[in-house]
Amino acid sequence: MIHSIVWLKHECTVQTVEGRRNWGILERLNAGEVVIGDGGFVIALEKRGYVKAGPWTPEATVTHPEAVRQLHREFLRAGANVMQTFTFYSSDDKLENRGQSLKYTGAQINEAACDLAKEVASEGDALVAGGVCQTPSYLSCKSETEVKAIFKKQMEVYIKKNVDFLIAEYFEHVEEAEWAVQVLKTGGKPVAASMCIGPEGDMHGVSPAECAVRLVKAGSQIIGVNCHFDPMTCVQAVKMMKAGVEKAGLKAHYMVQPLAYHTPECNCQGHIELPEFPFALEPRTLTRWDMHKYAREAYKVGIRFIGGCCGFEPYHIRAVAEELAPERGIMPPGSEKHGMWGSALEMHTKPWVRARSRREYWENVMPASGRPKCPSLSTPECWGVTKGHADLLQHKEATSTQEMKHVLEMQKKAKSSA
Amino acid sequence: MIHSIVWLKHECTVQTVEGRRNWGILERLNAGEVVIGDGGFVIALEKRGYVKAGPWTPEATVTHPEAVRQLHREFLRAGANVMQTFTFYSSDDKLENRGQSLKYTGAQINEAACDLAKEVASEGDALVAGGVCQTPSYLSCKSETEVKAIFKKQMEVYIKKNVDFLIAEYFEHVEEAEWAVQVLKTGGKPVAASMCIGPEGDMHGVSPAECAVRLVKAGSQIIGVNCHFDPMTCVQAVKMMKAGVEKAGLKAHYMVQPLAYHTPECNCQGHIELPEFPFALEPRTLTRWDMHKYAREAYKVGIRFIGGCCGFEPYHIRAVAEELAPERGIMPPGSEKHGMWGSALEMHTKPWVRARSRREYWENVMPASGRPKCPSLSTPECWGVTKGHADLLQHKEATSTQEMKHVLEMQKKAKSSA
Amino acid sequence: MIHSIVWLKHECTVQTVEGRRNWGILERLNAGEVVIGDGGFVIALEKRGYVKAGPWTPEATVTHPEAVRQLHREFLRAGANVMQTFTFYSSDDKLENRGQSLKYTGAQINEAACDLAKEVASEGDALVAGGVCQTPSYLSCKSETEVKAIFKKQMEVYIKKNVDFLIAEYFEHVEEAEWAVQVLKTGGKPVAASMCIGPEGDMHGVSPAECAVRLVKAGSQIIGVNCHFDPMTCVQAVKMMKAGVEKAGLKAHYMVQPLAYHTPECNCQGHIELPEFPFALEPRTLTRWDMHKYAREAYKVGIRFIGGCCGFEPYHIRAVAEELAPERGIMPPGSEKHGMWGSALEMHTKPWVRARSRREYWENVMPASGRPKCPSLSTPECWGVTKGHADLLQHKEATSTQEMKHVLEMQKKAKSSA
Amino acid sequence: MIHSIVWLKHECTVQTVEGRRNWGILERLNAGEVVIGDGGFVIALEKRGYVKAGPWTPEATVTHPEAVRQLHREFLRAGANVMQTFTFYSSDDKLENRGQSLKYTGAQINEAACDLAKEVASEGDALVAGGVCQTPSYLSCKSETEVKAIFKKQMEVYIKKNVDFLIAEYFEHVEEAEWAVQVLKTGGKPVAASMCIGPEGDMHGVSPAECAVRLVKAGSQIIGVNCHFDPMTCVQAVKMMKAGVEKAGLKAHYMVQPLAYHTPECNCQGHIELPEFPFALEPRTLTRWDMHKYAREAYKVGIRFIGGCCGFEPYHIRAVAEELAPERGIMPPGSEKHGMWGSALEMHTKPWVRARSRREYWENVMPASGRPKCPSLSTPECWGVTKGHADLLQHKEATSTQEMKHVLEMQKKAKSSA
């Protein structure tokens, strides 16, 4: 389990880990431990061929469990302490709208997801978190009762499967996030709540500080943000949340699971605004060295549940774990295949690559895009449509030609006024 | 063959495939078929946590077969017709120099690699290719006999495991590539030879045309290039090879397996020259749309074995297969999770993303790096050391402080004269 | 005087201009006219060989009057309605510190400057403005009395030479600007006050709104910003000034004379923070089309005295004048040598250049830097030293080796913490 | 000659200069002296408001002599030893096509140009060169006799005005350049010939080497290239010319007068191909430090007549003269207002700018564009039309709507195939 950490004197580490094997998420955070999250599954599995961009649904837990299991294992090996069930967009209302000829219910997908996460978590030092996220029902203005019923149905699977804790994540509207937290609280497990917002707040302009206070009041013990923005932007948003909670005299733990894409020019809806989303984001991908900076910054701000979302590959999580190894007293298993700060390049054939086997080199590298005809920044595209807008209504039928024509017209208009 | 398919009726496709199920590589190429290669394993598995950058050896075939198997499966699903054994740098001389405390022989690693490749190949329409690549023995000026003995030892495993054909790949010096081909020819299987060179030719300045002629004369039926340069540069180099072969009145099939990184500024040794190699190449990663252009260009030039090397993820291979679907009359299995040219974005929540569900959009997108303080191109670093140079000698001991000091001094000198 | 404006129906224009020939700056602004300023002399004449970067003093008015006169003429021809005397940094305290062996007093330089500006102004429809700017005495914490005496000495020349109005410009500290305005008010001429600040306010963090209110209360009828930031940033700062003045129930006219360099990454001290200042700013230079956007935006915000500062060449001012020609009812004389929106390219030899003779083309061009190894943005360097800091003290002696060593050490420290 | 000068004692310099005051261009070059050329007038005066982009004709010599005289003076002051008459495109056939209502003959313009150049040359150590350039008559396939008659008419003015030597410059076709040289040779003055070509040769693909040989055989004593490409590209082209001449056993002196714009992506027709030509080239402008590198490189290659063309401002020529001051034993007059390698920044107010008063800083600065949404390189647009093509025919009438429609269609076609 524990691997030789040359530069850390930590014989005690093994003991510590063994000693707290059955600690839950709150025990760990209360003890001041750093909990490493995993990375996003949707984008990683899209690239591997198991998720369809557009619908983004996770039926692969049933159809290709080996692919989902393997990705869990890679994140575990990279140092993750949390295996999130791969249940993004697996509420029945979403599956119905997106599924076309899908043969699986939400319950089937979610049960399979729990089994996979639990199987891999048991192979190492990880907890299982069952997740819910924003629903098309909310965007279509269904009632609180209807929306909450959707969350409840998902939660019942997680409780039945006895996951370790619950996460309400990827919410653009704090109201819906509160509803989710209120439902999840009934499960009797610790509840984390994570919104996909940046420093500008939720889609109605509710500030991160106010979102945070409302989520804590709704009952979540851990709050933070995930997806939509790059690491530094997300850390900034969580910092604002923390300030809000503290100003209100409340208490919480903090989490952050950002994109692995640089999005400095994004405002309200993050990378979804970028013209490169979702099929040309490659040049924005963070390096492992960017991840060291992110992990350090998140730690400094006081965040202790530090993971990733879209764009994170296992090596990104490993970099987070390596940066915080001194604080955690443990190196991730996957570091057996990684020289800290590139030290294993000492064994590269070419001498000039051997000369790069040191921290100073990689901390200062300025990676070129290799694309001299492309710009550094794009013009984000954000139409400002939100809950209740006709263009956000979803239905079983594929987008009609008429609808698409309307959408293209709106895009043209948006561009000319940019 | 079926052309202009909007989407293929899978049933008829299978029949076609079944009809030629036991065709070998030459039968396929002779019949004018396009053979899709797989992508590189070394970089993909480094990111997943199973290969160590620096030594770059493939002991994961023994230690983590599930990870290797999964990557094979993803490439198969993406449309690859060739499963290359994951045997890069698995010659005994390399393993000895790089292994430190390795417990596995080259034979063990290579046998496991064959088993994994064959297992997955049997799940679809793919052939297995056993591979050898350049050796530290050659760079250290060992004799032809000694170097050939190394290739022979590897080949014997492939023959014993009855792979479908053999590839001598990743050679910087045509002389060593010839030696490899001469050995592989004794195995009685078709032989492909692929050098890691660009339009400037091999490390001694032998032109692609001359390299090609020598490889054909040495006995390889398929020739081309792999690794070190971006797709368009590699296609250009193979074009020069083809012209050389034709001018010499010879015949061959052509293959190309380039990087998935844009390297427009590289000259002699490709991406290894770049200051970003190997840990900050992310911004150079090709999008799937870049891959469409690559596949089309390779096809136009007359190359029929089209695959990838370092940086390729399964979705890159899928894009190659999708671009050439009209010519091949078949879509890859993984396309069930991909809307051709982004068409599945019709089902995205946000309307402005739905507006991107069309070819015209993605063909013209200019992806930004999100890094305004980084340049577009770097200054390549190429010291011109080659076969026999002291700095290329490898030994079991880790690089000494003294050696590293020397290397850093040389780097400083190289930079100041750049 | 008035030239054929094909697209404007403005026979009346000539009359108007003639009719108000002896209008002063306030009459024009009160009547709602747009007054076009000139561009900066310091940088333009540095490039022509008459100003020394570092000291930046204007002794050329005495030593090379023909060069100064010619630049005035070019701005007049470009459409400028204001000829500012070339008297930047021509206070005696500055000249003494910077002059080494200078043989000219401030009075001599300033008188010559007035003569040149008046001579050229009389050749067209322009007013003469005498200017003062921030002093080393203030930065060195001399008393209000001492600092005011310096302004007074300069002003007396302008009154003697009977300029049309006075400008206190390029102030980083509102307190010193107020002192300048208080002195200039005693001259009995209209007074404009322009600070070199951005949206973050002056060097002590006094907001643009508060600076504005204080300057109006000190007596200036026209307020705004100049230098240090790019056009859009400067317009933004003036907008904040205007809001402050209006909120305070006061009244003023507004002016803006920004850089002709893009400085999106600058904060407190503008382009002076950039590593490219002052000898590598070329790639940031605005095109004439950028100037059209600037002029339009400034006009929209309600600014009516619109000119330029460092980096502006005559063609930049002409673009401002051309953009606002519909509002002004007049084209600048220099437009006889310029096809509006590139229309004269119709007569270019190459047909593809003829195809660019239209507004749509130039409004959408994205100019490349031709420097793929350079970044898009830099890391500004701002040490936060301000009034009274030892490093800002100036003296007659050249910087000593000891001082330079100290400065280099501080720079190294600043960089490593960036 | 004086080497390693920190600053030259002006008195001794003058003596040296006096000693050879009436040396001609060939005496200087034969003696191994470096002759500094001036910069381009067309673009510089377009920015100042005296030349119209599109027609590009030099009637300002008559209409605004003070502006032309001032630019001559600035180049002289910057160190130029050659004052080229401002006679670009002043052949009668061009003036007729471009002039619309022009009231001046070529002879009038050219005589005025000679007077201005001679007046300023006499103020310093400079020679006057009368120039001819390519004609619309040649592009329209007029006969050799007709084209030569045009050159002869221009030359007669130069002979009458007794200029020091003649330059045939800006030729895209070597045949026309030969004709020009043949005519100019009859004047009895030294003849220089300079083509606007790059390493790919003239518009019919005649290599620089062959062009060079033909020009030498036609009688020019000095050959080289000007305009169209950036300094390093031009130096490369002249290097190829020199190799050709030497291989042919001939002798010549070499000149280079490149753009002051970075054009690394240009091929056949240089900056004219760029989408930014002529109104958005600003970000490509070379810094003075780029000019130091250019001057050094040109000198190394063996070029001894080193000047500039479009984009050069006086400070660019000064940088060339400063770089070669050790070889020339003389600093340009304008350096009194310039600290070598930025040394005068020692007297800047801000300490961090003082820290830049040294060569190491400026040699390594990587200037940012300040435009993160713009690319580094553009896609050149070159239609391949050349001599005799209908789209190059010129006539007195302005381009008709019909013609422009045709041109726009061709552009659209060219873009879609790029």
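The letters A, B, C and D name the chains in turn, as written, and every chain counts its residues from 1.
Please note the rule applied: a residue touches a chain if its C-beta (ideal position, glycine included) is under 8 Å from a C-beta of that chain, and two chains touch if they have at least 3 such contacts.
Predicted, not measured: the structure shown is a model, and the values here were computed from it.
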Separation of chain C from chain A in steps, with touching chains one step apart: 1
Between A-B and A-D, the pair with more C-beta contacts: A-B
Chain pair repeating B-D, as identified from A-C, C-D or B-C when over half of the contact pairs by residue number coincide: A-C
Of all other chains, the one whose Cα centre sits farthest from chain A: D
Centre-to-centre distance between chain B and chain A (centres being mean Cα positions), rounded to whole Å: 32
Whole-Å separation of chain centres (CA-atom averages), chain A against chain D: 58
Contacts with 2+ other chains: residues of chain B: 265, 366, 368, 372-378
Arrangement of touching chains [line / ring / star / complete / other]: complete
Chain D contact footprint on chain B (complex, rising order): 366, 368, 372-373, 375-377
Chain C residues within the chain D interface of the complex: 46-56, 66-67, 70, 73-74, 77-78, 97-98, 136, 139, 230, 261-265, 269, 272-289, 313-315, 318, 334, 336-339, 342, 344-357, 362, 365-378, 381-383, 385, 391-392, 394, 398-399, 404, 407-408, 410-411, 414
